[in-house]
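One chain, chain A, appears in both complexes that follow, with chain B as partner in the first and chain C in the second.
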Partner chain A sequence: MSTNPSTSAVLMRRLHVGQNVRILAGVIVALMFLLPVFWMVLTSFKFQRDIFTTPPTFLFTPTLENYTRYLQQSNIPYQMMNTVIVAFGAGLISIFTGSMAGYALARLRIRGAGFLGVLILMSRGVPPIALAVPMFLVGRSLGLIDKHIYLILAYCTFLIPYVMWLMRGFFLALPKELEESAMIDGCSRLGAFFKIIVPISLPGLLSTLIFCVILAWEELLFAIVLTNRIATTVPVAIANIAGDTVNGANWGALTAVGTMTVVPVVIFALLVQKWLIQGLADGATKG
Partner chain B sequence: MSNVQIDTQHRRRFRKEKLLDLMSRWTFMFPAGFILIAMLAYPIVYTIDISFALIDLTTFRVAEWVGWDNYTYVLGDSRFWASLKVTAIYLALSLPIQMILGFGIAYLINVEWKGRGFVRALFLIPMVVAPVVAGGVWRMMLDPLYGLTNYLLGFVGLGPYDWLGDTWLAMWTIVIIDTWRWTPFIVLIATASILNLSKDIFEAASIDGANWWTKLWSISIPLLLPMIAATFIVRWLGAVKMFDIALSATGGGPGASTQVINLFIYEEAFRSLYFAEAAAMAVLVLVGTMMLTGVFLYGSRKLEDLY
Partner chain C sequence: MGGVRIRDVRKSYGGLEVIHGVNIEIPDGQFVALVGPSGCGKSTLLRMIAGLEEISAGTIEIGGRVVNDLPPRDRDIAMVFQNYALYPHMTVRKNMGFALRQRKFPKDEIDRRVENAARILGLEHVLERKPRALSGGQRQRVAMGRAIVREPDVFLFDEPLSNLDAKLRVQMRSELKELHQRLKITTVYVTHDQIEAMTLADRIVVMNGGNVEQEGEPLELYDRPATLFVAAFIGSPPMNFFEGTAAGGQFTIGQDVRIVLPPEAAGFEGAMTLGIRPEHLRLSENGWPATVSVVEPTGSETQITARVHGQVVRILVADRTHVGPGENIHLTAEMRHLHCFDSKTGKRL
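Entry: the complex of A and B
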């Protein structure tokens, strides 16, 4: 009789210890996953002589040399600008067109909406290289290569289906009475969409936009194929630095430019993390 | 008489309104549809088209139609098969590893405490590191002479390994980088779906005396199965397109040991300028991807029916 409470206390304590071990293990795993990012940021503040040491060093005099050199002497600032233009351009166009189409799929009972849904899913299986080759050939004959707008439209091919799918789910969850009452008040469908639906969906739209900007920000294949000088983006520059076999790897440049591209995206992602995680889960299942 | 007139008038008006209504519905689809037809559907048709052609490299236009010649050439090209094999190995290694690690870590960190949201946010970070940056930074970390990885592995008595020089290890390099970038994605999806599981079942099971292993095998995994299948398909669709990590980490080497199919097609098209052959390969890959995706979707449906 007297053993009963004590065993349950032991059990409770063991459970508690088990929980703490799991928490600790989780934190360690998370930090392990962050190690490469940490190492990149650390290396970007090293002088060349501190980068190439055996064993790798954690103690060094920090410098901004890698940043200042690359910001002053290369096309990186210009390519950053391009990346911003292309990523936001593609994001905005995709959000605008994709959310309208997503609304149509969710609410407007279009004939063949189910078939369109299947097509959207299928489009995610199209290898980008199957699009890059014809885009290059057609763009070349139309003089569109190295134009921002062409790269923006190329990014729309994978962003619009994404937006359509995410926003379709979002609109399905809204109460129907909203636009019905607006339309009784004499609004057209488009009016009801832009005056009623868009304002209340603003948080969702904004987060999806950020999602799109991140995806476009990192894209490499289309950028490599469809631009060569004027509209080149940062990922292309990084690929060139990383793949430079003539001069050997310039790790200072690689990590400095890498840090500059990653930091804004990380901030963006953390700002919308709740929606981002929900969106990931929805994107995987709803369908 | 007047009655009939009014009736036809009505009907006409009704028809007009119906037409306007239909148009207003399709207005919503039009902008997205236009872009997708011009930039997605048309290029696919164009790819199929030029896969039957000989491209004149002075004009980049079709010189003549050659029927199935490009396909027979590609199917007889051992490099094509080699890169398909590389892709298959990469997929067979990285997809299961990422799924198991992802769901395992999610299960591990699914403990109620204050910092849970924070830890989840940390997992978001590798996911948004551009693949090309990931490849470059990992290449630096795996450097046999100055890299951090071999140094750290030395503490537990492993290595040193020539990660980028050995053909088999180079494959593992690609798998490791891909796993590093994508496991957090699976962790996040898995955490969300584990949180959605009803707690009552687990409490009931505990009362019935089930240990954690039984709970895992008999409750969690069957309940999570649809989610696991869906995550697998999303991950498969992403992995089959992998290109940037291989390009920036190994460049396909050493030799062609990490040249995944997308990288090979890219090199054939834009370095060797074999556009038609590249188009033929792209069509084959497209068809293969679609078929396998269909099989996976069918399999996941069957799996759901099973439980």
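Entry: the complex of A and C
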């Protein structure tokens, strides 16, 4: 059946218009998400007097005062280090244990495995506030309050189920013959997992690690409840600045610390972007 | 080197038994093909030999020792999977040497064996490539190379040619046969393609519904199928079957087709299925009347589809023929080429 040339031209035009509309919608959504971040970064370079002008100013004399003064006067570098330790610690432990659990759910014939998996997933449905107070009481009894390891373990409680389910999808998408072949070639089940499955799943593991680190990086509730001085993280510092009832919220400092919190995550995400996209695509098509 | 002995092996999933007491003896160095339709249990049986599936009952011996409780790595077997299962993050060299590295072979020995296998399979120039940079045929060869370097007691093949195109499949089939003739390692080969089984195997085991339907040499199965199932499964184009009645040493289809039965079936009375292979039917002046419906010339031979009393029949004629659709023809067959089956039991008479 042939198509009338004028009909195909109309179809092409509609296709072109549809594509432009989609691009425009994408740009609008991206702007909606990025505008507050852009505003935060912009504000962090303003003097206090330029922050609350009406209408807001886009042209101003930039300053690094918010960064230098606050970095010198506060514990931000120390808290930043705490955040790195806790976020990467929780991310790595969760990836290690969660991926093994996900593999077991995907491959091993365990009686009640489905129920067990759903039960672990359901634990994600418990409001964090309901866990924070019992965790505080347990931590206090064990003398673990304000310790990095306790915050790491607390984060693992919600990161491991997340990793487990995400990685289960990746493992299910891999042909089981790969590890069967490895087992015939001389590996144990665990050996096949570490020597064959883990290297192949590296994109998925890395993208999951990034999400875990970001989730732990920005977490506030557990950090506030389970730490008070030594192991406090940057989100706690931001909350303290914003809720400073004595001096009032220092918006310059707040946006400077906010920017410093976001930038490492963005740099990290850009560095592993290739893996992240590959991992997301694998999960979307196979998982 | 070692043979494989499968004794009364059963496999159940929950309460469902899928392999019902299979007995097969494979002598050292023999090439045995397990054939049957999808779901007949051939792959499950192969996986039980490999140790990838637990055995619910019975025993499997490899090289004279019972391997029921041994993990796959301790059975001294090598397996080639349908999808090759090459490790995508390793080069061809590392893929082929992986099993030897796991067994802590010296590096020199690994290199020697890998290069030797690569030479046999014509893979020398792709040793440093990753599997994704190989063609389907090359991947297949790497999978075979990975098995060869092990020098195992038994080779297991799970439909290894299924993913190849028709031309490459024929080529790889010859290479496989040549390889077996050279190495003489006991081989168990699972396929649903009976041509593959016929051309490659020293012996064929036909499976159906978790049971061994018949086992024997390829031409023995072709010439004397024990059941209707085997008769229908082995041979391409498949055997023709005529439903009719046997009485007084004659087989009758409808009113006017009467065929004198061979001595082994002459005494049978009742519903009978008569099988005749397409190449054993002849066009003749006098014989059973049939009406041609389709003529398919291939150059070397012609396949004619016709109807005898409403029953479809295929005839393979070696010469060129000038019959056309709608034409009435007559068919005959020599008595020695008749296969008589009891319609009720499906067994050969």
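Here is the rule we go by: the second predicted complex is superposed on the first by the 235 of 287 C-alpha atoms of A that agree within 3 Å, B and C clash if a C-alpha of one lies under 4 Å from a C-alpha of the other, contacts with A are read in each partner's own complex, and residues count from 1 in each chain.
Convention: contacts are C-beta pairs under 8 Å (C-beta built on N, C-alpha and C of every residue); 3 or more make two chains touch, one makes a residue touch a chain.
In this text the structure is predicted, and so the values were computed from the model without any measurement.
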Quick one: on chain A, after the overlay, do chain B and chain C clash, or do they fit? Just give me the call. fit
When the two structures are overlaid on chain A, which partner does A:200 contact: first (chain B), second (chain C), both, or neither? second
Pick one for A:175: touches chain B only (first), chain C only (second), both, or neither. second
Applying the document's definition of touch, where does A:74 land relative to chain B and chain C: first, second, both, or neither? neither
Looking only at contacts as defined up top, I'd like to know whether chain B or chain C touches more of chain A. B
Between chain B (first) and chain C (second), which does A:188 come into contact with in this model arrangement: first, second, both, or neither? both
Answer with first, second, both or neither: which of chain B and chain C does A:63 touch in the superposed model? neither
So, A:103: does it touch chain B (first), chain C (second), both, or neither? first
Quote the smallest CA-to-CA distance from chain B to chain C in the superposed model, rounded to whole Å. 5
On chain A, the residue positions that both chain B and chain C contact, one per complex: 188
List of chain A residues in touch with chain B within their complex: 19, 22-23, 25-27, 29-31, 33-37, 39-40, 43, 51-56, 93, 96-98, 100-101, 103-104, 108-110, 116, 122-138, 140-141, 153-154, 156-157, 160-161, 164, 188-190, 193, 214, 217-218, 220-221, 224-225, 235, 238-239, 241-243, 245, 249, 251, 254-255, 258, 261-262, 265-266, 268-270, 273, 276-278, 280-281, 283-285
Going by the contact rule set out above, which residues of chain C touch chain A in the complex? 50-52, 71-73, 75, 77-79, 81-83, 85, 87-89, 98-99, 102-103, 146, 150
Listed in rising order, the residues of chain B that touch chain A in the complex are 24-29, 31-33, 35-36, 38-40, 42-44, 46-47, 50, 55, 60-61, 105, 108-109, 111, 113, 115, 119-141, 143, 145-148, 151, 180, 183-185, 188-189, 191-193, 226-227, 230-231, 234, 237, 240-241, 243-244, 247-249, 251, 262, 265-266, 269-270, 275, 278-279, 282-283, 285-286, 289-290, 293
Quick check: in the complex, which residue numbers of chain A touch chain C? 175, 177-178, 180-188, 191, 196, 199-200
